[in-house]
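Just passing along the structure, written as structure tokens.
Letters A, B, C and D name the chains as they come in the text, with residue numbers starting at 1 for each one.
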Amino acid sequence: MAAANEPAGRPAPDGPAPPAGPAGAAERPAGPGVLAVRDLTKRFPGVLALDGVDFTARAGEVHALVGENGAGKSTLIKVLTGVYRPDEGELTYRGEPASFATPLAAQQAGISTIYQEVNLIPVMSVARNLLLGREPRRRGGLIDFGRMHREAARMLLDYGVRVDVRRPLAELGVGAQQMVALARAVSAAGRTDVVVMDEPTSSLEPREVDTLFGVIDRLRADGVAVVYVSHRLDELYAVCDAVTVLRDGRVVHTGPLAGLDRLRLVSLMLGREMGEVSAEGTTKFSGGHHEGRAGAEPVLRAAGLTRRHELHDVSLDVRPGEVVGLGGLLGSGRTETAKAIAGALPLGAGRVTVAGVPVRTGSTPAAIRAGVSLLPEDRKSEGIVPGLSVRENIALAALPRMSRYGLVSEARIDAVVDTFVSRLRIKAASTHQKVGELSGGNQQKVLLARWLAMQPKVLLLDEPTRGIDVGAKAEVQKLVDELAEDGLGVLLISSDVEELIEGSDRVVVLRDGAVVGELTGDDVTEDRLMEAIAAAAGPGAGAAGPGKEGGRG
Amino acid sequence: AGCAKSEDDDEGSTGAAGSEQAEGSEQQVTGGSGPTCTIADYGGEKIDLADATVGFSQSEKEANPFRIAETASIKDEAGKRGVELLTANAQSQFSKQISDVQALISKGADLLVIAPLNSDGWDPVLKSAADKKIPIVTIDRKINAEPCKDYVSFIGSDFTEQGKRAADKMVEATGGKGEIAILLGAPGNNVTTERTKGFKDRIAEKAPEMEIVFEQTGEFVREKGQQVTEQLIQSNPDITGIYAENDEMGLGAVTALKGAGKEPGAVKIVTIDGTRNAVQGIVDGSIDAVIESNPRFGPLAFETLDAFTKGEEVGQDLVIEDSEYTGHEAEADLGKAY
Amino acid sequence: MADLTLRRALPADRERVLRWLQEYGVYLGVALLLLVNIAFTPNFLSAENFRTQAVQVAPVVIVALGMALAIGSEGVDLSVGSVMALSTSLLALYMGYGPWVALIVAVVGGAAVGLVNGSLIAFIGVQPIVATLALMVGARGLALVLLPQLEDIRDPGMATLGSGEFAGVPYVVLIAAALAVVVGFVVRRTTFGRQLLAIGDSRPAARLAGLPVRRVLIVVYVASGVLAAVAGFLATARLSASDPTSLGNLMELSAITAVVVGGTPLTGGRVRIGGTVAGAVLIQLLTATLIKHDLEPSWTQIAQAVVIILAVYAARERGKR
Amino acid sequence: MTVVKDETATGRHVAYDAGEPAGDGRGDRLSALAQQHGALVALIAIAAVASLSFDSFATTGNVENMAVSSAFLAIVALGMTFVIVTGGIDLSVGSVFVLGGVLAAWGSRHGTVVALLLPLAVCGLIGLVNGLLVARLRLAPFIVTLAAMLGARGLMLALTDEGANTYLVAEGSFFADLGQGKLLGIGAPVWITAALFVAGGVVLRRTRFGQHVYAVGGNEDAAALMGAPVARTKTLVYTLNGLLAGFAGALNAAWLDSGVTILGYGMELEAIAAVVIGGTLLSGGMGFVGGSLVGVLLLKVIQNVINQIGSLDSAYQQVVSGGFLVLVVVALTWLARRRRVP
């Protein structure tokens, strides 16, 4: 490759311009269609994932793609971007028929994609992830690492991520990784016509979401077509111009978003009547606080959890029947706290007691035996066992209970599995389908079923509704409520502030791996939570701009 | 101290086999006076063998009777003569043997005895040795290089001749008729090549009616010999004789035939090496003849080195006389086997 | 990664054919080879011949069973050949106390090697291929230290075991078949089996689900060691000799080939016992065919290479990476 | 909103900005260094002890012998490093090595160019086939290259009349000099190996291709979605490995003056061991060529030390090598684990 062809001389793409304020999206005239599909069909063994789908992404338009879990959103995106080849149907790009054999081909043609779930390379450094395939090079064709690191750091700074870009990506939290993926996709915008985002906000917290919206506004202003998938309706109304609703692989509605009210949208997605839907609020939590059994002994008591660099003397209690929220910014140590309680992280110091009985820390089996169950944040790599069936996944943790003399009892498993599949409305071709083939929401439900089958005393839910559609989300939330009513102690981690507030009776706020506050009773409101987090961040944090690195003080 | 050490090791590693071998027959050089070599022709200075350090490079692990007897014989003789002996074992890896010999040279060996794993590929070693004018005697296998220039002498059997003699025995046992099979040694090994060539040539010459219908490698290993023979007796039930290029494969063939319910002697077996187990096989009637390949190189090798370092003439090609074991004498000769 | 597997859907009927091939390709291969041999190999269709093939393949099957477990747990056990050698050395040393005592000692030896393998893998986190490579070198050395050279075994009990039979089926084959049934049962029907598959498919998920990951891994490698030791015992009985230098040489590769040709993916999470047995039989029949037709070693090796690729191609997991 | 953004990056990441491991960096940094260079430390320690204990260890002759005899394995390990960084493995290198030597020796009668190009062409082709099977058909590298190991040796046997023929390298050719020549008192193979390692290091560390190699090994699916040419990278890596193994074989033939047919058994495992000892992870995504060179030297020095000790029984030698491997691997894994981020 001749050096001349290289964008070496090209200035690094600018970061997002200062956000242009709330999007006045609705007034914009829709541009010409850039990427379109007609009559698209895609089959997987036993599943018709897309069934005659028509879809058009227009320049300068943010087009929402919504639908229940398993509706076919991700599949559509993968067909658009060369991951899958369609069985039938045609794709036009810039007015001409096109077909992308690989993601690379799509990318080279000018389609940048952020796929659902972070897809970066954990062992490689942040900078190498960010600039893979377009590293700045010297004249001899060798990579100029100095420049690469500077560029990468600058790009990330625009997204509020300040890290040593030479360190492995794996050291970043999921949210920060998502921002890296975002920066990576968007920074190619110089020659990009379409940006596709499949649930980009599922692991972001509010401020990062705002940053993202700023980016989207700029892209729209630049005439880029944006395809946006999310289960969070607020977001859709905040940034999107048009919407396409998928249900069971078919398009059930497409048109401008303005004028389509929320209830109507939800009823389209779920395929239920408006009346049915309107009875439901935004979250499915009762909102009424279950005070736990007042004065009851805590079912979970964690004291002085300490782990080098990560947790500093974290203590918290959960009473039976109580939902305790864990608040904090990305990387504040919420996941670590939950994992530590579940025995999945070795601890330097700290004690965990369940129903008055001390539990050996650092051992998952011990924690599980004591009645602690953790729904992990990273469903894909730490939750599901993709190659095993729905049935086997549900039974996995409870296997010893469902076997005699080490022999598995199929009858007992069937009983449990059938109960949960219908109770949680798990949507699968059969219980023998591989979990890896289910949609994200259904995978999450399978995991919930796995833990409920253990009849735990304490349930630790780390982002339980991430990536789950409105219907399923409501179900999960209702379930959490019910479980708490049944006397279970629940620890709830969620980046969705609304969910956290409505779902929790009490919120413990973390920062830098230490407890910095607690909201109880009437203080459990969105404002107070934001306040607590901001106060915790401390004065001067706002001034810790790019140039100043000593903000920790 | 050096020699005491090597003797101790000898005891530890080879145990009983080492002491028993003393009964074995000494190697005899076949008649005829080939070209000779002196230290003057070769270059280098006379030394007293008793003060010298001899390096010995063995090619394979001392895990089969031949190698055990060979190493033991060298060690015994060095001990007897009070010569300091350095040893190395290449564990059947040729590249390791090259490194081994070079290490022996850098450790100060004045003379080298090498049992080569392969005949070719010795250039780097020969060069290092030539730089220091170190005399080399190769045993049991030749090095493809110029005698009395690159090395002093070769002491060993004539493998082609062994093959020919095995063919003679086969013809004798079968009456020169019928179908026979060959259990080849490891592919790419010149012992295999030569023993095969000698055998085939002699069969073609003496018993043209005999047909070689099967040639498969048993890799010099008993288990492989057994497995291959098992297949053979299914596909060629009329086989009259099996020529195994070493005793181990022959013994494997015996086990296979026994397992298939054949009477001992129903299929004639001729092997090469002369290990005790094989000779016992003759006594038991399961093997017909064993051509010896004598591994006791110690006395002859040191005799040669001694003469050479004193300035005397030594033969360049010391082909030894291998005996053979057949019929009733086998029982009496059992003591000579190793 | 299942969410993002890069796969192309094929027309439905072709997909069905390929799926069938993936599932049953190895049996088809065995059937084909049988037919070819019946047609072209003299004296192939005889009880004697089938007996020979079964007897020869038995030790490979036994070792491959353990290998299948190791591979199912996303590992591999390269030390099996050396464990066979260690087993044969121990047998020779303890044969004086009778074959049963010797067998127990040999099995304990195999279990010990497996325990070391398993501990390195489960507790220290050494990659299986490296850990078992180290033991492959070490165990063979130990075998030779214990028994420096081939030794004949003249125990009548061993002889019976090696060449005897029950109802026309050699003991060796019976034992291999019984072990295959047991291992198959364990994989399908026990808690251990399920846990093994989960661990092989997704280690972090298994860990967070509270599975006894370490214990399962250790059991896997101990089982592999024990099975290899038993295979060493049977091979010794059949040969009526202990040959620690060459017994089990390259056995690890034969066993892995059998497992993979039988449709067990090297990426773990799946174990096919029937396929493994068929895979071993396929390789055995292929070798037998080539030997019986007296092919030269060069062509034998080339033919084996081609057949392995074809078999693995047929059995490959479509879609999984 | 801009202000809010900056708040996200509150002081908590200062430690990162300073460019060092979080927390009280020293212990971490030491173990990081030890992990990366553990093999080097071991090499230096063993070499130091050996030169004090054995007079003949640190002699020029011995060191040079070790260097030359390491060269061939080192070249093979270089290619293997690339393969392992992509998360693959190549068991065929031993067979390809011996095939390369035989082809080179045969070709040397027709001049140096043939002697070099013939093995490169054939061995490169074998690597290419491996690569295509692994990358395009997605067959497991272990089994593909296992088949190639059989196939390549079969081919070599077919070329040499079942191993009976050893082709000799034409006397006094330039090709022979590649193996036997000396420059500044150091053997040509050593220079060639050094040059190849420098080139290999630059390619792996400093080129896009190298970045793709890491990316493919780090997470293949993600790499594909990020637009890395996964299949092409893998194919290239196996081809490169075939080329290097064939070249090493050719160079070895030039050194030995003949195409020896019994070489290369177990070489694949030796190369893999060297790469792993050098700190490259078998799971892919991490590794560096310098480590592999150190790994090779370490193996050779250990072997040399065992030789220096002298009359160690061959069986014990194996026990010692096995035990040593266990020690090194345990130490490396332990260090790596201490550093691993959960």
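The rule we apply is simple: a residue touches a chain if its C-beta (ideal position, glycine included) is under 8 Å from a C-beta of that chain, and two chains touch if they have at least 3 such contacts.
Quantities reported herein were computed from a predicted structural model and do not represent experimental measurements.
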(message) Taking contact as defined at the start, I'd like the list of chains shared as neighbours by chain A and chain B.
(response) C, D
(request) Spell out the chains that contact chain A while also contacting chain D. (result) C
(message) If I average the CA coordinates per chain, which chain comes out farthest from chain A?
(response) B
(request) Give, as an integer number of Å, the spacing between the C-alpha centres of chain C and chain B. (result) 36
(request) List the centre-to-centre spacing of chain A and chain C in whole Å, with centres computed as mean CA coordinates. (result) 43
(message) Taking the mean of the C-alpha atoms as each chain's centre, how many Å separate chain C from chain D?
(response) 29
(request) Would you pick out the residues of chain C that each touch at least 2 other chains? (result) 1, 4-6, 144, 148, 296-298
(request) Could you check chain A for residues that touch two or more other chains and list them? (result) 83, 103, 115, 119
(request) Would you mind listing the residues of chain B that make contact with two or more other chains? (result) 13, 61-63, 187
(request) Please list, in label order, each pair of chains that touches. (result) A-C, A-D, B-C, B-D, C-D
(request) Please give the residue numbers of chain A that touch chain D in the complex, ascending. (result) 18-19, 83, 102-104, 107-108, 113, 115, 119-124, 128-129, 132-133, 135, 137, 141-143, 145, 157, 159-164, 166-168, 170-171, 184, 207-208, 210-211, 214, 308-309, 329-331, 339, 345, 511-512, 534, 537-538, 541-542, 544-546, 549-553
(request) Under the touch definition given earlier, write down the residues of chain C that touch chain B in their complex. (result) 41-44, 46, 48-49, 52, 55-56, 144, 148-150, 152, 163, 235, 238-241, 243-247, 249, 288, 291-292, 294, 296-298
(message) So in the complex, the part of chain D that touches chain C is made up of which residues?
(response) 89, 133, 137-140, 142-144, 146-151, 153-158, 162, 220-222, 224-225, 269, 272-273, 276, 281-283, 313-323, 325-326, 329-330, 333-334, 337
(message) Please output the residues of chain C touching chain A within their complex, sorted ascending.
(response) 1-9, 12, 15, 19, 189-195, 197-198, 201-202, 204-212, 269-270, 320
(message) Which residues of chain C touch chain D once you look at their complex with the stated criterion?
(response) 1, 4-6, 76, 120, 124-127, 129-131, 133-142, 144-145, 148, 253, 256-257, 260-261, 265-267, 296-306, 308-309, 312-313, 316, 321
